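Note that the chains take the letters A, B, C, D, E and F in the order they are written out, and that residue 1 is the start of every chain.
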Amino acid sequence: MLRLTPPGRQRFVQAPHFEVTFGGAEANVAVTLAQLGASASFVTKLPDNELAQRAIEELRGLGVDPSRIVRGGERMGVYFLEQGAGQRAGKVIYDRAHSAIAEALSADFDWSQIFAGAKWLHWSGITPALSPSAAAITSEACMVAKRHGLTVSFDLNYRAKLWTREAAGQALAPLMDHVDVCVTSLEEARSVFGLKVDDAAPNRDEDAARKLRERFGFKTVAFTQRIADSADTTTWSAMLFAEKKAFFSRRYEIGIVDRVGAGDSFTGALIFALRRGDEPQRAIDFAAAASALKHTIPGDYCRCSLEEVEALAAGAGGGRVQR
Amino acid sequence: MLRLTPPGRQRFVQAPHFEVTFGGAEANVAVTLAQLGASASFVTKLPDNELAQRAIEELRGLGVDPSRIVRGGERMGVYFLEQGAGQRAGKVIYDRAHSAIAEALSADFDWSQIFAGAKWLHWSGITPALSPSAAAITSEACMVAKRHGLTVSFDLNYRAKLWTREAAGQALAPLMDHVDVCVTSLEEARSVFGLKVDDAAPNRDEDAARKLRERFGFKTVAFTQRIADSADTTTWSAMLFAEKKAFFSRRYEIGIVDRVGAGDSFTGALIFALRRGDEPQRAIDFAAAASALKHTIPGDYCRCSLEEVEALAAGAGGGRVQR
Amino acid sequence: MLRLTPPGRQRFVQAPHFEVTFGGAEANVAVTLAQLGASASFVTKLPDNELAQRAIEELRGLGVDPSRIVRGGERMGVYFLEQGAGQRAGKVIYDRAHSAIAEALSADFDWSQIFAGAKWLHWSGITPALSPSAAAITSEACMVAKRHGLTVSFDLNYRAKLWTREAAGQALAPLMDHVDVCVTSLEEARSVFGLKVDDAAPNRDEDAARKLRERFGFKTVAFTQRIADSADTTTWSAMLFAEKKAFFSRRYEIGIVDRVGAGDSFTGALIFALRRGDEPQRAIDFAAAASALKHTIPGDYCRCSLEEVEALAAGAGGGRVQR
Amino acid sequence: MLRLTPPGRQRFVQAPHFEVTFGGAEANVAVTLAQLGASASFVTKLPDNELAQRAIEELRGLGVDPSRIVRGGERMGVYFLEQGAGQRAGKVIYDRAHSAIAEALSADFDWSQIFAGAKWLHWSGITPALSPSAAAITSEACMVAKRHGLTVSFDLNYRAKLWTREAAGQALAPLMDHVDVCVTSLEEARSVFGLKVDDAAPNRDEDAARKLRERFGFKTVAFTQRIADSADTTTWSAMLFAEKKAFFSRRYEIGIVDRVGAGDSFTGALIFALRRGDEPQRAIDFAAAASALKHTIPGDYCRCSLEEVEALAAGAGGGRVQR
Amino acid sequence: MLRLTPPGRQRFVQAPHFEVTFGGAEANVAVTLAQLGASASFVTKLPDNELAQRAIEELRGLGVDPSRIVRGGERMGVYFLEQGAGQRAGKVIYDRAHSAIAEALSADFDWSQIFAGAKWLHWSGITPALSPSAAAITSEACMVAKRHGLTVSFDLNYRAKLWTREAAGQALAPLMDHVDVCVTSLEEARSVFGLKVDDAAPNRDEDAARKLRERFGFKTVAFTQRIADSADTTTWSAMLFAEKKAFFSRRYEIGIVDRVGAGDSFTGALIFALRRGDEPQRAIDFAAAASALKHTIPGDYCRCSLEEVEALAAGAGGGRVQR
Amino acid sequence: MLRLTPPGRQRFVQAPHFEVTFGGAEANVAVTLAQLGASASFVTKLPDNELAQRAIEELRGLGVDPSRIVRGGERMGVYFLEQGAGQRAGKVIYDRAHSAIAEALSADFDWSQIFAGAKWLHWSGITPALSPSAAAITSEACMVAKRHGLTVSFDLNYRAKLWTREAAGQALAPLMDHVDVCVTSLEEARSVFGLKVDDAAPNRDEDAARKLRERFGFKTVAFTQRIADSADTTTWSAMLFAEKKAFFSRRYEIGIVDRVGAGDSFTGALIFALRRGDEPQRAIDFAAAASALKHTIPGDYCRCSLEEVEALAAGAGGGRVQR
């Protein structure tokens, strides 16, 4: 998607110009993986114009293989993002209806060929929300991926501006059969999958992840937790439920530069850590560190290196200038 | 429409930000009229979001009455404009499909009420190109306008990215019955209405206007003529055919800042001049001067005053700083 | 007034450019009202140049009726604003002497005609500080307003760079006869009107408001209270004294984007709430919410909608992006 | 003066920010001299605020000695400059009334002390136009300068927004007694001093300069000549009348970046050349080259080096990048 | 190289910020090829920091394979570019001494491995100018390239700030043995290789190319010719000498946006045309069109598509906006 | 040094432009002194190009005498600064090898002449780290300074990117003989000079300063202490050990705009205070206040006035706008 953002803390109605970047849940995950040094490919459909060309050039530049992107369709999805400040929440104006991917057909994607040589498929709950055909394409991708032995990860990413919680639950639940790694938050899992959890329980989050795992047969469940005081600062932590046990990350107090894409960078870094065989504790620390850093970086993409993530996961994080 | 423009002479694929302005053929005409001091109202349909709110606030600020704009629909039309330079032509990426106005219904507009107190209706050939329903709405507006005794002006404004010349000709011809004042160029009239003119004829343009007038029963026909050497400079002049005679404006050699909207400012200024009862020669001089000035002003809108247009029409135009 | 602001946290002596916006106490109040959906008109005198034209176009765009603004005079008031940061306070360089409004004459304003159809007059303590004639004009406006049955509100807005506390007290006290709603702070009321309050009293603020009301015969008194830790953050709350009782708003901890105009947005929102007949508690909550939001918006003007203010007053305010 | 300029070719009513630079006729001359390597001091009165401090710091940085600037007064002169384009002329909004220098008193300047060690005084016709006291100060400066044996140069610099041609002529003529070097244009000399010249005469400019010299007793007269086709391009040349003969510079066809200050850079470079004893032909070539370069430099000040001016005067000027 | 450029027409001493792009002769050629759709790889040595990482990401994004770039060394070459205007020429401050490539060793490059699968080697005369070791590396690359049967092209690109004409001639002449395609200008060939040509000869350029071909055994020689009137406009054309005959391109009158890299885009497009087997006339037309377009694009890189170049070569080039 | 900084919180790999400022430890100290009103001269070697010219013009503008700067050498030191945010630390890419000062020779500086009329020499531990010749020049400067009776101050300023702690300790220790006033931090003193301090001691910092004083014979020792929570906020305080006793400043909680140069502004203000004979408590309060303010000012230089520093030192610091 093309992202258009008023600079600084200006509102939509004020800014003389909008900053031009690109993003989107799965693209963000792919960029995180590529920036950390893993191979990653992004699959979507984009129209044949210069804006899409730029999005593709940018992905390729950041190390993501764009060769599986199908070209065609009418338009590119656009989203306008107004950064929040203080008591004023950030706002998104979605202009993604009728995008090439929303109107793509199953025939556009030959999944067997796309997955040649691949080990892992990641998708987010936003894609099936775009249109019935996008939902069908997602479902096919999942099925073929499992047939080819790929690990499948999924980030719930519920968007109230795209569908209701009920519609999301009904559409997503059947797809969970194909999912190995589920990334969500306690709140999302409750509202979309109707998960019942006792807030007073001492191990509330762990219990929720266990239940989710049992219901859908996930191998791994990850929760991110945000305690947002304001648009400027947040408290951010994560939990990984794997091997029947919960592992908790360090809790970060974060001064926010750009919060969009933080969840995606968490997911990307978690996939990176799981793919290289990290122990659960190390994996969740690594993923939480990557997403903490993302909050400090303008744009959707997590422009940070493996060394920077490792250093923060290992306990660094002072603000002194490195010189 | 929302217009997004890479600043300076940057290309779509380069610019870190896009400038945010608003425009569109009929809006540009309305703004020209309002800036010259006439009352003008703009009728369209716009969605209920901050981008449309901003477009409306800007129109109101410039003196255009936005109270007849219907709110609703899915999205606002967007166009991306890359300014040309030297041998590189400017480019437009239209992203206006499924806009609120393209998907508006006849029932959205109560033309009798809209025209209460009005004297003049102007529309451009872009609007019926947007969708069948937009064409139907345009037709209704014309019919009601004539019934209420309004003068109707029309600017052909053929856009190859929206429809073919044949389709345009077939759709527009029947609407010409309702048109009093037709603004176009010789080239457009030939290709869209199949006007036959002998290029070798000494009074080629005059003959063409006469034929057009005869075929469609226009009261007045105006041609603009651009001899574009490059994206940076142009030669610009205009002709008014009225009272069975052609009146030619001065010819301007123009260093271009922003050529988009120049034709609309011509039309707006022409309507202004005709409404106040200018003699044909004065009217065409006034309209040509306004559009020459528009070329020097960033954005679609003609931000210049009655005094400035009058001064240029009267022969001013030196570049010396006024101090 | 034209406001010129170094961008970001740059100082006057550094910034390669100054951002151009407009503001001023009464204009800010009018914009707040108009943005919330009320009808509002702004009365002042502005010279006949493009800077004033722009100020007027902007007001009209935001919904404020500028048709009562008198044109003429030598210059427009200018103020240069340097935003503070950390321990460095913001700074204002006023360049408003000899402005059109400061040098306006009583004869410039026909108050009976200006007030035709009006229900409410608001003025601030800055206007009489500009010049003796501005003070006389203010006084006349108040008298005519009362004669026409308007409600009159007043914001003390003491500015040490314009006059001494003693001069302010002497000039303003006689005008208080015409005031129904007084907006100020405890600190201002003490220093300008010499109000005696015991800091140790348990109901100090309430007592002060009661005394003020008794002395000047106000119907309603509102206090804003700022506990400023630094230029970056502030604690902001408000109290409304009406119907012999004090009503306190929620207290906001605010990360500041632009604090200028916060008091004016409080006043505008309070007038809005009182005009629509809000209960005192709801009115003070609404006004405090509007001014909390203003702190997060660049420029003098409170660019936020009725829905946004209502949502914050009702307890929202998390920084999560709305998507 | 503080100069505030909409960037690029934006109009006053459009630009979200104004560029901040400083300028003014005599300051521009001083900067030209200092940048060429001569010692130069600027004398004026400026208020005690950060804007004036910045103007002073900038002058000092560029090599102009600001130690004779008197601090005090109410405000700094401001001028808003809108660059022209094509048929749209540039515009200036002066906001210099009541500036510190306009309201300065004779007692503010001790000319004997100011001229200690000085060899040359330059002033422009703008200064006496500011106010009667500024005119008196200029007259005193001239008289003391002559008493101390300084060479006095004068640039007519007529400004229609400050006074009429008649007022200028009456005020300036008596001061001409003290002037050795007069810089003006044929057109100015005619309209302000009522110089009679026959346009058909073969040596029109030379004759005019001779008459001017005879009437006022100048040692040297310099004319600049601008043939302005548009705001974007100009033809620029100059003539020096000295030793009873006219010397003509090369004629430059110039693509204009910023024409303001071009005349001042001509004057500064001419003073530089005369001070170092250049032959008339070399002096006029040098001065014309400096002012041709100034047209290509944003801001009032002529930021170019002695080497650059010499190279252009010697015939360089191709646009190829030096690498 | 990192390129740092004052925006607009500002000078080095004025600009509050420098625009960040990347370029360099061989990189520009590679980008041109990749943007036209050919496969291209860029070989150099770059340090291990974020600036070099960005240069690499940008190349990869534009389609150039950066996998053969060696990482290491102390610093990246930097060049500061001031765009010219009017009579003021553009300026370059080189800060490329001690760059990683200037201090690279022969052992850094295994040319046999680098050339695996390659068909063509291009180098410019700048590289051997950087240091003796860079010259040695260039020589080795040429020899291995010829051994592997690659076509070798060479662009003289003489830079007076790097070495004298004599030094360039002595260093480059021996390397010409390995060169098949030589790109230069008549002027360069004369001054660096001492080519004797009679300016009065009717076929001067053709004769020069023939002599060059004979002396060094080139298969193909291409000349570009620039007639620079000023920094703003240029006249640009080219000649290809192949198959014993000269072929001349159309002559372009160009309004310049950014002239740096125009020669490189000519070379890149010529290589593209020759590789796909264009007839000489078509090849030179194609290459001249690409370089004409480059003049209109900010930055070193030629960001235009095959379609755009073909269209201009085929005679398009009007400035009308495509819509 | 030329400082190039991505604006806002952008990373090196993202920013379309870098802000251009100048800085460096000793230059920053000199600017602080000059801005406070003291006379200050800066001694270094800079190449003969426009970037160095600009650095010099800026210093002169700010009141620092640049007349002792030697011109010559190959290049100017450059440093790229990426501001940190949240858990992401700021980063510096030094590109200062082979700078004119690093390659300067002893013969470039005639210290006896340079110190004519001087009272104080300040140098930082960065200079001898640049090269052996820079270390030799520093040593000579110290020796000549002491011979001429100057007070010598020294700021340790350890930079891990320039040398190891051991190398720093060995190089600096012998130079301490010439130092009267030493500015450092407890941490630096420990790691570079191997100072042994018991962290549990109640007077740890005082003890450390005493030991340092005893070992090297300093008259005065100052410590700054930073408790950095993140890149956005810091806790900053300082201690002065003089007359056998420690004096502690107030502790500032600072929202950081730009932390680079804060230590230098501390040193500059301390020198200012000691030179005017402040009592130790007043001196340390003054120096701490200046450096607290510096954190709020973009760029290396401390652009604040004596009045501002005195006001903060005296207890001001609220963020309310001064109007």
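By definition in this document, contacts are C-beta pairs under 8 Å (C-beta built on N, C-alpha and C of every residue); 3 or more make two chains touch, one makes a residue touch a chain.
Nothing here was measured: the structure is a model prediction, and the numbers come from that model.
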Chains in simultaneous contact with subunit B and subunit F: A, C, D, E
Winner on C-beta contact pairs when D-F is weighed against A-F: A-F
Chain centre separation in whole Å, for subunit C relative to subunit A (CA means): 44
Interface hub residues of subunit E, defined as touching at least two other chains: 8, 11, 13, 16, 57, 91, 256
Footprint of subunit C on subunit A - complex, ascending: 8-11, 13-14, 81, 84-92, 94, 159-161, 226, 228-234, 256, 259-260
Complex interface listing, subunit E residues touching subunit A: 57-63
Sites on subunit E touched by subunit B in the complex: 8, 252-257, 289, 292-293, 295-299, 303-304, 308, 312, 316-323
Subunit C - residues contacting subunit D, complex: 4, 7, 11-13, 15-20, 49-51, 53-54, 57, 74-75, 78, 80, 82, 91, 93, 95, 97-98
